[in-house]
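Labels run A, B, C, D, E and F following the written order; every chain starts at residue 1.
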Amino acid sequence: MSLPAFDDGPRPTLATFGESMLRYSPPAGERLETADELAVHVGGAESNVAVAAARLGCEAAWLSKLPDSALARRVERGIREHGVEPIVARGSGRVGTYYLDAAGEPRGTSVLYDREDAAIRTATPDELAVDRVRSADAFYTSGITPALSETLAETTAALLRAAGEAGTARAFDLNYRSKLWTPAEAAARLRPLFEHIDVLIVAERDAERVLDREGEARTIAHSLAVEHDCETVVVTRGDAGAVAAHDGEIHECGALETDTVDPVGTGDAFVGGLLAGLLADGSVPEALDAATATAALKRTVAGDAAVVTPEEVAAVIEGGADGIDR
Amino acid sequence: MSLPAFDDGPRPTLATFGESMLRYSPPAGERLETADELAVHVGGAESNVAVAAARLGCEAAWLSKLPDSALARRVERGIREHGVEPIVARGSGRVGTYYLDAAGEPRGTSVLYDREDAAIRTATPDELAVDRVRSADAFYTSGITPALSETLAETTAALLRAAGEAGTARAFDLNYRSKLWTPAEAAARLRPLFEHIDVLIVAERDAERVLDREGEARTIAHSLAVEHDCETVVVTRGDAGAVAAHDGEIHECGALETDTVDPVGTGDAFVGGLLAGLLADGSVPEALDAATATAALKRTVAGDAAVVTPEEVAAVIEGGADGIDR
Amino acid sequence: MSLPAFDDGPRPTLATFGESMLRYSPPAGERLETADELAVHVGGAESNVAVAAARLGCEAAWLSKLPDSALARRVERGIREHGVEPIVARGSGRVGTYYLDAAGEPRGTSVLYDREDAAIRTATPDELAVDRVRSADAFYTSGITPALSETLAETTAALLRAAGEAGTARAFDLNYRSKLWTPAEAAARLRPLFEHIDVLIVAERDAERVLDREGEARTIAHSLAVEHDCETVVVTRGDAGAVAAHDGEIHECGALETDTVDPVGTGDAFVGGLLAGLLADGSVPEALDAATATAALKRTVAGDAAVVTPEEVAAVIEGGADGIDR
Amino acid sequence: MSLPAFDDGPRPTLATFGESMLRYSPPAGERLETADELAVHVGGAESNVAVAAARLGCEAAWLSKLPDSALARRVERGIREHGVEPIVARGSGRVGTYYLDAAGEPRGTSVLYDREDAAIRTATPDELAVDRVRSADAFYTSGITPALSETLAETTAALLRAAGEAGTARAFDLNYRSKLWTPAEAAARLRPLFEHIDVLIVAERDAERVLDREGEARTIAHSLAVEHDCETVVVTRGDAGAVAAHDGEIHECGALETDTVDPVGTGDAFVGGLLAGLLADGSVPEALDAATATAALKRTVAGDAAVVTPEEVAAVIEGGADGIDR
Amino acid sequence: MSLPAFDDGPRPTLATFGESMLRYSPPAGERLETADELAVHVGGAESNVAVAAARLGCEAAWLSKLPDSALARRVERGIREHGVEPIVARGSGRVGTYYLDAAGEPRGTSVLYDREDAAIRTATPDELAVDRVRSADAFYTSGITPALSETLAETTAALLRAAGEAGTARAFDLNYRSKLWTPAEAAARLRPLFEHIDVLIVAERDAERVLDREGEARTIAHSLAVEHDCETVVVTRGDAGAVAAHDGEIHECGALETDTVDPVGTGDAFVGGLLAGLLADGSVPEALDAATATAALKRTVAGDAAVVTPEEVAAVIEGGADGIDR
Amino acid sequence: MSLPAFDDGPRPTLATFGESMLRYSPPAGERLETADELAVHVGGAESNVAVAAARLGCEAAWLSKLPDSALARRVERGIREHGVEPIVARGSGRVGTYYLDAAGEPRGTSVLYDREDAAIRTATPDELAVDRVRSADAFYTSGITPALSETLAETTAALLRAAGEAGTARAFDLNYRSKLWTPAEAAARLRPLFEHIDVLIVAERDAERVLDREGEARTIAHSLAVEHDCETVVVTRGDAGAVAAHDGEIHECGALETDTVDPVGTGDAFVGGLLAGLLADGSVPEALDAATATAALKRTVAGDAAVVTPEEVAAVIEGGADGIDR
């Protein structure tokens, strides 16, 4: 059976930690520079992953830090509405925002960050619901979080350690963002975390520019798994699918063709599907299938969140749509 | 000349009978589950066919049954605005609604019906303007109508009989809907109607699953025409065009490439174009051309209605657009 | 201090039970009959009350029954996003909908229900999370619920009994709806429930037409409290404020002037504020103040939900806005 | 009974003649000068009157002349959707448009015409469906039509004569527009028409500035009726109601308070209600009541069209809304 | 004549200096916390004043500092589109934003600033087009600018000095913002500027809380004029109008009743109208009339900008709207 | 370096002359005939070119003639907001409008002009800011302008002569519009202008149908350059790129693949990029690259204006987007 038994038994639990931002995007075809109206979404790698996993059957919580304001409540609403519990420390600082200037060829989609001085940048473990990390089946964060401040790099490490001590599986997406730091800075801050990671997800391109890996994706996955003693390493390759190294074996899967409405959040949907699959005791190939299908479905939906159902994921795994279903 | 003389002489008359629903659809990229706004359209196979035929020159009326409410008036407005006369019996029951969750690959477009207990389900011939069926040049209904209730199956049969007795040409689209009944149920209720049909339209896939036909479309068309003594049988094949059996001959036509905005109503636009062509005394190949062009144009327009003009249909038959016309 | 200490200590818990519907409303100035776009909100007396109470500091859950569909998920999202936990039994039946045709004088606002055969109509106690009723500090439902079906009348009674046995305070708003039943029908089904109610809320006009009360509101409140042995009876009088009978005393409060954007949900916001006030151990006058302020604030917000903060309620109690706050 | 029996027997028939325009209006609070989006409505005195009368039970047709274009079809759709039959001569010329720059105090609502060279300006009786004027129970046009061109002044006179010869009742609203002509020009062209008019409607202010009348409205109404041998003269006074002289008697009625969404079309709704009332054999006071209620309801609806029902008109006559009807 | 000769001769020139922000506001009736869409406007006291003055005939330039980004270009576009020339220094830092949570009674309109670390906070005179200040007929800035940073307080003083040396008239609106600083802080930083001001505008309430003035507005105006040797001091009183002390005389004017769409920017429109009036060599009463009318008109328009014409201002001064102008 | 030094030194100046219109377009998927809402843009070949050039670093002015109305101000705002100075003569006549009925295959995009009697049709040189033409580095107009009236043909010739005498480079796009005139009429009026043109741009198809050219684009370009003594002749070929004849050499460039949102204005963006490149002293191949990139970017933006930045143009020249830039 292709989709693991998401619906049976007590739901597996997932905790994630990171920044979620207000995302502002002009109407289709408009630009930031001329827009008189902006659509509001909420997005951040870690809440996106939580949303995708929750929709596929996990009980997910998102830890973060925000000020006490209407904008902060807007962020929480945008996470809660998808069935994820926001567990938010309060403190001074801004609500991070980002602007999406979306376009096809040759302009391409571009992101403008306005996330300086976000409240989360000063978050320390004692402010956060670390017990929820400890009690969860899995904990997830990404390379964006330590990029935001030195404090956050330390907090990330502390949470990974706490998770490890409690037996919580630790998943981590390298998620390099060139607008936040250089590859060298990223490598320096992220490498020390690798020993705490059970499931590492990394884009092939990031493996190359941040981790100085070369060669085939399967080789990269395998060598990362061995070198950092990771249970599972998944190297994602965009249109070319993904490769997983697990238990000495390599698993590959292709990507699906999509009529893309909004590409933002594709990678997070992939990770959410992957974790949901693994947490449901799916095999790595099963989890990769769930990841791939969730990512593909995400692209048909506006906003960062993977608004999908387990039935839809299963249907895509089994072959996708054919005409209008009526 | 490719487009029959739609504009000359007294306009041919068409009566159709069936349910039309309020159609609710989220903005592009949104989903039903998260939409805060729904676009309202009006659609139903039989009114869609009437609209397409009316826009191509027929004088069309749509018979139905609705409650006396603002929602019912919304339905009538959505038909009247396109130049079709709604002739509506009043009675208790709901206004049928359906939701359109549209997406491209791999999600696909899906329809969610909320049409239980629609007023039309109890419609009997004595409530309906059967005289308009008798006086029309052609009468059209589809396999959706008898699917809605046993009463409607009987009413459909009665209207087809009345049309036959009055010399009104009878057109019928099998239009199987898997969310309404099983193929076996459909076959049982629809087969008895076939002897009353002059022009039968059936999708190749429905011919296979409902009518248990196999083999090439041309064979299916021919055998259905012979078996049920239909003047014309058109087997539609989606992207692969259509095949018509008429008077012992087979006519084929291809489908057109389209930049599709909304695929819903394509088949009805095809039938509307076909009937308009036939009623204008066009040959079967001419009518197939009009059908194909109308269907292709429909796909560029949001909503169920084929908002086209005879000039546009003629232009498409003659080769379509080239750059911006200015 | 006028606003009870909503933020301190463990949050009081509230459980409510009832139907929530999709609410469709045309843009301002448009009518259902001509609208090409409908705004979607989620509303129902019992979830509205839960939302208002949750926003003022309670931990609120809403019990109901819905089918397994995108529309049902839309309803749940509309409740969850405001911080209320939806606890939903699954079953066949529709998702209730209602249409709002809003206008000022002389047309007035009118509601068109399309809620026949909603899944909740068959809800029985064994399907519902009765333990959440038992463990809550308070339980709330309204006279709309028993109006929907005989089964629901029985279920309502059973839940009130369960609450009573568990020591959960029981609040009930009579909420007569003339489009659902006659005053006589309502009286017959609702009167047997009164013995199970601790806090009864009833509009003056409903007291007159359903309960055959006459005279001044204070007299009505007092006599209802005595007759049914209710701890608190609140008679609401629209623009004229409200009167509460509690412990032999009468408390009165006025209504506030508002620039009304959307009046729907005003009464539910009142009840939510009242319950939040009482559950925070506020006095009846304090609770009435919170109720009045919450109701007034609700009217400035589109949709059924009282999107307010404790700070805003406190500010209104203390005197309201003066110019632009910047 | 206050509302005449609109629903019984064969529906009375009304024909109107005049220009209808595309109306473009910016979103609320925006101005033409900065708007990036315009709402489209269709409006013109004579089609507005036809719509109001049709909605109150008349069978109404609107005669006009338009080019053969998508904009012309947009106009026809905007009339047909409200249940009025457009009977349109084709010819060269533009589709008239007007822009609405709506505001409250102190800016006020202003209209910008862009209606030069509209196709209707050359309309002659031989192009028009004069038989529909002859066969109708009533014919209506307004002082705007002769203002548009000399040809139209002659055509208007010819249609009024044809109506008179056929025994069709002739109604005429003076409808002075200062942006089209001066009072003196209006008087010169309109006075010769007065002998052909059975029901004359004139705003008090227009009676003063165009017809040089002075004194009380009742005196003006009476003297106009006598002088021009009109069966009925109605002098409208905005917020102050209206006065009718009929058969030597004076009837007065007040205006209703309204929460106005869009004032455009109020006068036309009044006339439509008046004619519907008179055509249903209502007395003059009954017709005035229907006129007043229809006009008041119109103001709650965006656009020129009076989207009302007979039931709503009756409800307003009987006293209007009280709370939310649910 | 009430409106000075705005159109004649070379246009007077005005330079202003200050921060303009992106303003985000939810649709009417929505709240920041739930909005899925935000309207974008551009606003800031000094660019608002420039816009109002430019629309009334001045040649206006707005000096500021912004980063080099799409958001900065959005700000500039929002000023340029109203005919004001933006002269912008480039530098690091954010684009200030603010959120408008608009409501009527009892909630009131509230502003949420997100303007920390705006690029302008580091603006020094050598970065700015001080020659444009020197060559202008008048220079305007407000008390908001020095509130933003110490650097800006110094820059403001320097610009006022430069203007004074060049003979440019200096206008200043105290514009106290309680979300930026305390009255004591404001007083300390603003008082030293007063000796450089020719035209001082101050709200009565700010005169009280920041400048510790008491008594009648006329007394306050007079004493401020005398004490600080200002040519003109205008004390604004909201609904109660304004009082000006000039040349030893007191001039008073009332405010106008308005149907308010958006109150933000009213004060700036007042100042823009005042300066346009004075620069056109109008008398102080004439300038007050222009100020009052411009402010009233502004309230009928969404956004910070006073989208008005000289003709509209003149019409309001002469008595305002009466019915629909058509 | 591929993009000429747009940012250095004094900005080159460009003056253009022509009609700009209000452009009304229905929402995606809607049609003019059914649209209830129209998006407003401003467009015209000559202002479009000015906008593109201004955005790439030129100081651009657009000369035209408009009435004194809110619609005229809307046009000016739509040009000014993109950084182009509108220099507008006032006079009677309409503001030209056009409607865009956009669609993909097989319907295609179609334009409906409503530009009769636009004020510009009577524009004479003495009304226009000819000094701005004389002082500019380059002057641009197109074949649309002389198509509008005989007066404009003469004015165009006069402006080209004035430019030539002043040493201003003269650029001209033939821009044949079949809805304005026949090829023969165009040829007759345009040919006499060719002797005054330094840079001629012509679509290959227009060269064929208007100028009776045949053969390869390079041959056409070369022969036109020789025959009319043009410094540069660019023949554009849509998807097939462009060919330039300059100084006896032929330069070719391909077109770029684009995800097209709005094709209108592509040609004008090309010309704007070309002129900006040439005015920045770029070589012809560099200018062609800038033209091609600007045109391709334009297609990703709704509206006639090329909302691009020099950086984006440079990025496209260097290879375009790759994934999301974040």
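Note that in this section contacts are C-beta pairs under 8 Å (C-beta built on N, C-alpha and C of every residue); 3 or more make two chains touch, one makes a residue touch a chain.
In this text, all values refer to a predicted model and were calculated from it rather than measured experimentally.
Student: Give me the set of chains touching chain C intersected with the set touching chain E.
Tutor: Touching chain C as well as chain E, we find A, D.
Student: Quick one: report the Å distance separating chain D from chain E, using the average Cα coordinate of each chain.
Tutor: Chain D and chain E have C-alpha centres separated by 45 Å.
Student: In whole angstrom, what separates the CA-based centres of chain B and chain D?
Tutor: Comparing mean C-alpha positions, chain D is 39 Å from chain B.
Student: Residue numbers in chain A touching 2 or more other chains?
Tutor: In chain A, the residues touching two or more other chains are 28, 31, 33-34, 36, 77, 81.
Student: Just spell out which pairs of chains touch, all of them.
Tutor: In this structure, the chains touch in these pairs: A-B, A-C, A-E, A-F, B-C, B-D, B-F, C-D, C-E, D-E, D-F, E-F.
Student: Tell me, which parts of chain E touch chain D in their complex?
Tutor: Residues of chain E touching chain D: 28, 81, 256-259, 261-262, 293, 296-297, 300-303, 307, 312, 316, 320-326.
Student: Please name which positions on chain E make contact with chain C in the complex.
Tutor: Touch list, chain E to chain C: 28-31, 33-34, 103-111, 113, 177-179, 238, 263-264.
Student: Help me check something: in the complex, which residues belonging to chain C touch chain B?
Tutor: Its residues touching chain B are 24, 31-41, 69-71, 73-74, 77, 94-95, 97, 99, 101, 112, 114, 116-117.
Student: Give the list of chain D residues in touch with chain B in this complex.
Tutor: These residues of chain D touch chain B: 77, 80-83.
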